[in-house]
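Residue numbering begins at 1 within each chain, and the chains themselves are lettered A, B, C and D in the order written.
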Amino acid sequence: MKIQLYELEQPKLNEPVMICGLPGSAFVGKFALDHLVSELPALALAEVYSDAFPSQVMIKEDGSSSLLRTELYYRKSPDGSKDAILLTGDAQPTGSEAEHVLAEFLIDFGREKFKISRLVTLGAYVTGTKSTEPRVFATGTDRDITTQLEKAGCILMRDGGITGMNGLLLGMGKVKGVEGYSLLGETPGFSFDPRASEIVLESLSRLAGITTDLKKLRQKGNDALETLKKIELMSGEQSSESELEPGQRKRLDYIS
Amino acid sequence: MKIQLYELEQPKLNEPVMICGLPGSAFVGKFALDHLVSELPALALAEVYSDAFPSQVMIKEDGSSSLLRTELYYRKSPDGSKDAILLTGDAQPTGSEAEHVLAEFLIDFGREKFKISRLVTLGAYVTGTKSTEPRVFATGTDRDITTQLEKAGCILMRDGGITGMNGLLLGMGKVKGVEGYSLLGETPGFSFDPRASEIVLESLSRLAGITTDLKKLRQKGNDALETLKKIELMSGEQSSESELEPGQRKRLDYIS
Amino acid sequence: MKIQLYELEQPKLNEPVMICGLPGSAFVGKFALDHLVSELPALALAEVYSDAFPSQVMIKEDGSSSLLRTELYYRKSPDGSKDAILLTGDAQPTGSEAEHVLAEFLIDFGREKFKISRLVTLGAYVTGTKSTEPRVFATGTDRDITTQLEKAGCILMRDGGITGMNGLLLGMGKVKGVEGYSLLGETPGFSFDPRASEIVLESLSRLAGITTDLKKLRQKGNDALETLKKIELMSGEQSSESELEPGQRKRLDYIS
Amino acid sequence: MKIQLYELEQPKLNEPVMICGLPGSAFVGKFALDHLVSELPALALAEVYSDAFPSQVMIKEDGSSSLLRTELYYRKSPDGSKDAILLTGDAQPTGSEAEHVLAEFLIDFGREKFKISRLVTLGAYVTGTKSTEPRVFATGTDRDITTQLEKAGCILMRDGGITGMNGLLLGMGKVKGVEGYSLLGETPGFSFDPRASEIVLESLSRLAGITTDLKKLRQKGNDALETLKKIELMSGEQSSESELEPGQRKRLDYIS
């Protein structure tokens, strides 16, 4: 397993919290992280390439293409309080060994370079049924954290497990002495679910004091959902995706 | 493949026997080992983390979560006779190379650090049909051992193989000069089978002189089986698992 | 992962372009590369063996057999302009890690030994439906390249991805500072499609000035298609492949 | 990938030919090799353990069990002509990378330790239909060899490939400068086929001058086939395998 990190900047950060959201069920974590990156806003910190990822290039709207990668951003807190490192990317690794190796690499980068004080992973709690009032499920690395999670209105999980990078980053952090928690937005899980991203970010705001304008997230999510419906209608009429108006495809960046 | 062992204590042990039981068919080996750990009782010796395991955190009843791991315990014999190292854990490795590497690592740890004199693996002999008088099937690393197995009332296997960590630990031990045997409790294999764990522990008692109160194992097993039935009834009525009374879920620790 | 490259010659090349086509959908890239090798013509440069490939020997018409391998050829430009390295082979690697490792090895070989100036990958754009006027789809590593692709009449891709070595070589080149593009011939993708190879080579001629007699490619393609039809008819009559006239099997080298 | 070879003897051999037959379709190669080992007879040379193999112990008739392994035997020629190394074992490796690594290790061991002059692999040519006069198909590393194969009455293969260790050992030998050939006995491939082993050994005798009494092979093969039929009959009557008379199971060593 080979991992190459390209540093884009070398900022000084104050015991940052590392917040992670990768593509996964209902795009809950990825949509939340992309919102944080654009709204805080956060600056590019590093790019990570690895044979841990699927063998593919992703093509961007301008016709150019790049290997799948993990992206790290940073945000210096305006008031001198804790800074943040944001971790997102194009894909999760291809298997359990690849996930372990990448998770350890990313945790070590955060610890050794920036002394990250806490790790948060955002993702989906898939139920298969639509809920009128979706909840945020959570687990943490120790009892202090789980108490905070309950105070913030999260439902504490009591059994089961979390698979993939959301679980692995949390568990690997714990082994390496980094406390943390995982926030999972309740979702039927059938397709893109921006509402689940929103409630997860509300919990994050209460727990970590990292607050953004969620109206923009709601707007962006609704635009994407509308475009998705349009595509479904069109495919019912056997039309092609190219009948979308210019700009509409853009709203689907998170779902392609 | 990366393996990290964290030693929790450094006891002096007298040519200990290493007894292994991991999650597998009907939870025979895992349930037996958890019983030994709590009833001997045994003390925590080491934790082993590895990318050999599935990529997951397991969530405990208190809401906190940890990476999957192998756990080692030790028990100093009260009468100065042979001590024991108990090996259990959350999961088996994800593939055959991972199983080989972890098995060799664990055998080497036992040999080099504690000069283990013998290796025992406990597991299931799956038949697919219910037996009124389940038997213990066995194989050993050499003829001396197989003779002892027969004297202790085990059915000596004559062909076939044992797959997974139960087979691999035994075979890897043999290559490294550690004699040993495998005790497999007959079970239909359809679900959790505490009776198979019980007969395997009876054989272990006769063979290794490691004896515990099996009434407790029977009680714990029956509690878990009752809870399982309740869940089945409830899922027939489309009710949720949360209708279980507090404490009942606890009995299912071995089956979750 | 182990890779062994055997150099067959050590030519001096002038900032060569590296053109890649491997077995894949409809044999578009492989058929195009084999045509370039025989018609430019190009000379053998190196053979690459690796455990990244499927475990198999391929048997040649003369009854001898060899491990699967990647083959590199070179062609010195007759007029002192840019030279070319041609990359083709028997198979693509067996998984995503193997693809990453081999792609990086091949790019590094081209960069360090020959300072390749540009990388081109040729392959298939599979649509599932037959087109009367098949198009060439394309993506590049940056905006300068994508502009050239559009000027050359290619359809610029705007989303999605390219999987396998065609995508990986392009993306790995970009990470390593080698610009490049991918030309994908539109094809239903059901079977061998020499027409898709032809239009891809037409685009390559416009973009890279590497021109060959495409009549020969068309003839060879038609011969192979005829033989394929014959085999289909025969298998309808439950006859054996051995009824093919001597020499006919040769035409199927690309499809076996 | 880890490979451990335990040398059991250190004989001096005269440019030995290495003859390989592993478990595979219809047990053609394995049954042939086991016959050679017992009838030449050959002596134990080395045992090879590796995480390339499936994770399993095999249980022997005496109730003891061992890790899966590759076994090497040697036979000094009685008349001072070329000696032989025989290579067989319990299983083929689990995947293509594992097959490559083990094949290279075994070829290197033969080359560096014993300067093997030639490599022969024995296996099955599966047709799916029963032939009254089964043939031996063959391929070699070069034209000299293929000419010898045709003279010995083998059908020279002209296309396709050989997968698994039979192909890989041959191809890896060629890359390393060891000439060789593969002899594949025609078989429907449905089950154990001792006749295919027999014709392959007849070809080997003509090509390499290694001759054994094939009556014994025929007798052993027929015994095993009879026992197999008996088991089929019994399973039709829902009886258990244990109704076999003592000693009958022994005949199935190759098929278990």
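Going forward, a contact is a pair of C-beta atoms (placed from the backbone, for glycine too) under 8 Å apart; a residue touches a chain by one contact, two chains touch by 3 or more.
This structure is a prediction, so every number in the text was calculated from the model and none was measured.
**Q** If I list every residue number at the interface of chain A and chain C, are over half of them used by both copies, so same, or under half, so different?
**A** Different residues, largely: of all residue numbers at this interface, under half are found in both copies.
**Q** For the sequence-identical pair chain B and chain D, determine the rotation angle of the Cα superposition and round it to the nearest 5 degrees.
**A** Angle of rotation between the two copies: 90 degrees.
**Q** What's the chain with its C-alpha centre farthest out from chain D?
**A** Farthest by centroid: A.
**Q** If you average the CA atoms of chain C and of chain D, how many Å lie between those two points?
**A** Spacing between the chain centres: roughly 38 Å.
**Q** Report the inter-chain centroid distance for chain B and chain C in whole angstrom, where each centroid is the mean of the CA atoms.
**A** 53
**Q** Return the residues of chain D touching two or more other chains; collapse runs of consecutive numbers into ranges.
**A** There are none in chain D.
**Q** In graph terms, nodes being chains and edges touches, is this line, ring, star, complete or other?
**A** ring
**Q** Could you list each pair of chains that touch one another?
**A** Once each pair is checked, the touching ones are A-B, A-C, B-D, C-D.
**Q** Where on chain D does chain B make contact in their complex?
**A** 1-2, 4, 49-68, 94, 98, 249, 256
**Q** Taking the complex as given, what residues does chain D use to touch chain C?
**A** For this pair, the touching residues of chain D are 95-97, 99-101, 103-104, 138-143, 145-146, 149-150, 156-165, 167-168, 170-172, 174-175, 182.
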